Amino acid sequence: MTDLPRMACIKKIMQETPSIKTFYLDMQMNAKPGQFAMAWLPGIDEKPFTLTAVGKEIAITVQEKGKFTKALFALHEGNSIGIRGPYGNGFDYKGVKKACIVAGGCGAAPVLLLAQELKKKKIKLKIILGARTGKECLFKKQLAKTGDLYITTDDGSEGEKGFTTTALENFLQKEKFDCVFACGPEQMLSKVFALCEKFKVECQLNLERFMKCSFGICGQCAINGFLVCKDGPVFSGEQLRKMPEFGNFARLKSTKKVSLQEYAQWRQ
Amino acid sequence: MTDLPRMACIKKIMQETPSIKTFYLDMQMNAKPGQFAMAWLPGIDEKPFTLTAVGKEIAITVQEKGKFTKALFALHEGNSIGIRGPYGNGFDYKGVKKACIVAGGCGAAPVLLLAQELKKKKIKLKIILGARTGKECLFKKQLAKTGDLYITTDDGSEGEKGFTTTALENFLQKEKFDCVFACGPEQMLSKVFALCEKFKVECQLNLERFMKCSFGICGQCAINGFLVCKDGPVFSGEQLRKMPEFGNFARLKSTKKVSLQEYAQWRQ
Amino acid sequence: MLSTNFAGIELKNPTVLASGILGANAELLIRIANAGAGAVTMKSIGPSERNGHNNPTVIAWEHGLLNAVGLPSAGCKKMEEEWKLLEKSPVSIIASIYGANVPEFEEVARAVAEKKPAMIEANISCPNSEKHGQLFGTSAEASAEVISAVKKEIGKIPLIAKLTPQALNIGEIAKACEEAGADAICAINTVQGMLINIEAHKPILHFKKGGISGSAIKPVAVKCIWDIYEAVKIPILGMGGVSSGRDAIELMQAGATAIGIGSGVYYHGPKVFKKVCNEIREWMQKNNYKNVKELVGIAHD
Amino acid sequence: MLSTNFAGIELKNPTVLASGILGANAELLIRIANAGAGAVTMKSIGPSERNGHNNPTVIAWEHGLLNAVGLPSAGCKKMEEEWKLLEKSPVSIIASIYGANVPEFEEVARAVAEKKPAMIEANISCPNSEKHGQLFGTSAEASAEVISAVKKEIGKIPLIAKLTPQALNIGEIAKACEEAGADAICAINTVQGMLINIEAHKPILHFKKGGISGSAIKPVAVKCIWDIYEAVKIPILGMGGVSSGRDAIELMQAGATAIGIGSGVYYHGPKVFKKVCNEIREWMQKNNYKNVKELVGIAHD
């Protein structure tokens, strides 16, 4: 049992949207949709990223945000980064016959493999993909192949103008899903959860917290008594009900518990 | 890969001769004839002993000599001792159809299992068992069941008066053996080797040296470039020819190389 | 059979969650308590908010863990909510504290003592920050100075001095802590080490050096506990590489009254506490021991 | 590709048999040389005959070895035969020496220097005897005193100071040795530890405490070599837990020019030297290194 980064060569870099790139890495890894890996830039930092391709080679899909992702974006094909994983539980779609996926922004990354897997299993799938603007709609083409794709944008430049959650509410009023899978900003997820509770639909939400060990030792990623790295990142409605911090609080690197707003600010 | 003593309960103690006891121990171990174990008396010392029974339980057969064996002789059924092993190479009887075993004194211990194994494989066997006196003939009954047993004693109180090597020479003059297996005092072994060389017979001799690690790390048990604990304790004629120290020199606990006489004296 | 008393605190079993493992959050501490630990130790608390180091901060290699988390802390005054939740803990809480100097230790001790944890552990042995801890734990005088200062602040709350195996003579340090007023000794903190990723040709931990824990350091722990047991009369909270009942018994025979488990959580999850307790119980039954206290120090003649 | 130069001595490859492994006997040293070691170190030689400890002296646990052989030695004047045989060694001989005080070190150094080994290693770091070694290796002044005294006795023969990881600041000790005239540093000797057999409730080693070697201590070795590399200019013979090419490369990247292998012989037999060399070569080919010297210290920025 070891958890050490191994260096993987960047084989290909795909510009997905103006702010998002996919890095294809020369490393073999089997993982379930929703599992993640830790990506290490020696001398800089190490951060968690969902796997957007698994098997003979893997990929991570990254939005440029802070110091780490800027450094990652500066790399070229042929450069190497450290990878350890896979970590986390991944999505559970056992028994699901009809599903709805809600993805906000970079949240399309964790659900890509899920959607592809559900398609393979011939599970009926509705996908709501949201972004600030049309150009930032991640994995539009890939997701369209896996089910009915509905796009919402904040500025209305593509699909419907508005939020993913408005679309979800509409669907839930008309249709019955075995499960709603969602990933995106926590405010959005919080709303998704409320809707699922209201309509009594099962849900599985992919959460994010600042991580250190990623294997359940340091406690950094805690949401109440749950560990996002080990018990999650995907949580069921039953678990979310026991998580008053969900949608409200998160822990800074110091382990200090703060409001989600303060948490987001800290990361800026 | 670990080499740690495990405590084994003494199930039965058999008085084999006035000076020799067999200790049956509650421990499972598979080993080849000629392999040995390290027996530990906490707070006292740890010494190598040939295994005289293997399988569901094991046994060691011990002659009372110095500090360690005295302490061992003071133990009772129900007491425990530490055991690690098996160690060493053991005898190799592949292809052997007719064999001669020569055992001097406590040297009957390492050959007991060998004789029993050869008997099982229906290999023709002549055994020469030597001792100071009749009462000290070890494993007489057991060995008699495995082949033709000839006994020699220094005082003539049983079998023929004289040395095992005189008997061996007589046999070698008359018969052809595929291999001579021998264990006993090194002076005796030295003579056995000379006879085998003279008569051009293969031999396998079970040697002894003071040991520490017993797994080929400390170098204490060296005879020239060979390690008794790892390359031996059983050596072939081919190896013995490259061992000028055999029959002549041994190393004290300090690693100092001395004559066999001085070595024996040191152990007194 | 497993219940014991550690420096005046009753424990239903001798296993204790080590400091720094899941312990920054009250609910996780309670989760571990419910998983079977006899007591739980909070992640070390400092005087003010501190981020610790960048990642990688914890890695697992072939024979243990290596970490340089770097003493992150919300700071001793920003933990109201945790303290409130901890009131519901089914087992005793040990609060671990650190500081860069004696006044800082005093400040934290004062703030923490107000919250009335069952015990306070002074971490004078953390190897993962330039300024904190290890300085104290390798000098008998410095250790004694911290311990007596903290003791004054915390009154009747039992004080544990957590020592580093890097000390040249850990027995001497323990003795100095005992004389300075420590009610118990905790040993050991991690052993200094480093691992390099040879393809990256860089130390893997961002802080480069870190502390080794887990199975690799068990013999170091046994040796340190042995030395401390020979040097002091106060009880020892032994830790380092425990993930089985046999490991725990080994540390107890060397002299530990209670047994900390940290890295064991990596290997077996929170159920490691139940596992270790069950294994201790089975071994005791087989070897005719009635009470876990009988095991303490019996490897000494 | 693998040939290198260590403190003026040419080595066909950087692997070196560590002291105390099979090294009391010239023929075994030559056997290891023929098995592929770039140089071989003799078992540490003392001033007079010494038995060392009772058994058990060496045991293998899950993550390494633990030994307290106790510096047995025939004594520096009783080794004529070994020296004569060693003249036929196909590789350089490093003679390791120890003493209980400076005059003893001088006496042994003088006797050994007469035999003209390629290098002399002063073992100021053995943890397994009450009087020998460790005392020196944990104090910069004491270390310097031994090293300068030995250096005076051995003239042009390169002198290696073998250090203990128990030192509070191994970089400082290395610096003191360099200033006192050491031509190289060897690190690390074993880490103090103990293991108890819980059924016997007794320490397993007869001497109770011993030195941990093998995989368990590799991160300690990497860290110490790192610190020494930052502190001195003289080359480092790195050792501690090497049994693969990757291990060796890790120690080299931390700063070691040559690599000692001890416990690795337990895990793989004498063929460990060829194995490690082959693995280093393959890794270098894959990663485009031409000469093993390029690897030394590259993990430092």
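First chain written, first letter: the chains are A, B, C and D, and each begins at residue 1.
Here is the rule we use: a residue touches a chain if its C-beta (ideal position, glycine included) is under 8 Å from a C-beta of that chain, and two chains touch if they have at least 3 such contacts.
The structure presented is a predicted model; accordingly, all values stated were derived computationally and were not measured.
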Chain at maximum distance from subunit D, centres defined as averaged CA atoms: A
Centroid distance [mean C-alpha coordinates] between subunit D and subunit B, Å: 36
Subunit A and subunit D: spacing of chain centres that average the CA atoms, whole Å: 51
Chain centre separation in whole Å, for subunit B relative to subunit A (CA means): 69
Multi-partner residues of subunit C (at least 2 other chains): 61-62, 195, 199, 202
Where subunit A touches two or more other chains, by residue: 43
Chain contact graph, described as a line, ring, star, complete graph or other shape: line
Chains touching one another, given as label pairs in label order: A-C, B-D, C-D
Footprint of subunit B on subunit D - complex, ascending: 20-25, 27-28, 30-31, 43, 49-52, 54-62, 65, 67, 69, 72-75, 78, 81, 195, 197, 199-200, 202, 204, 206, 263, 265-267, 269
Subunit A residues within the subunit C interface of the complex: 1-7, 38, 40, 42-47, 80, 82, 84, 211-213, 215-220, 222, 224-225, 227, 251-257
Complex contact set, residues of subunit D against subunit C: 61-64, 66, 138, 166, 168, 191-196, 198-199, 201-203, 208-209, 212, 215-220, 222-223, 226, 246, 249-250, 253-254, 283, 287, 298-299
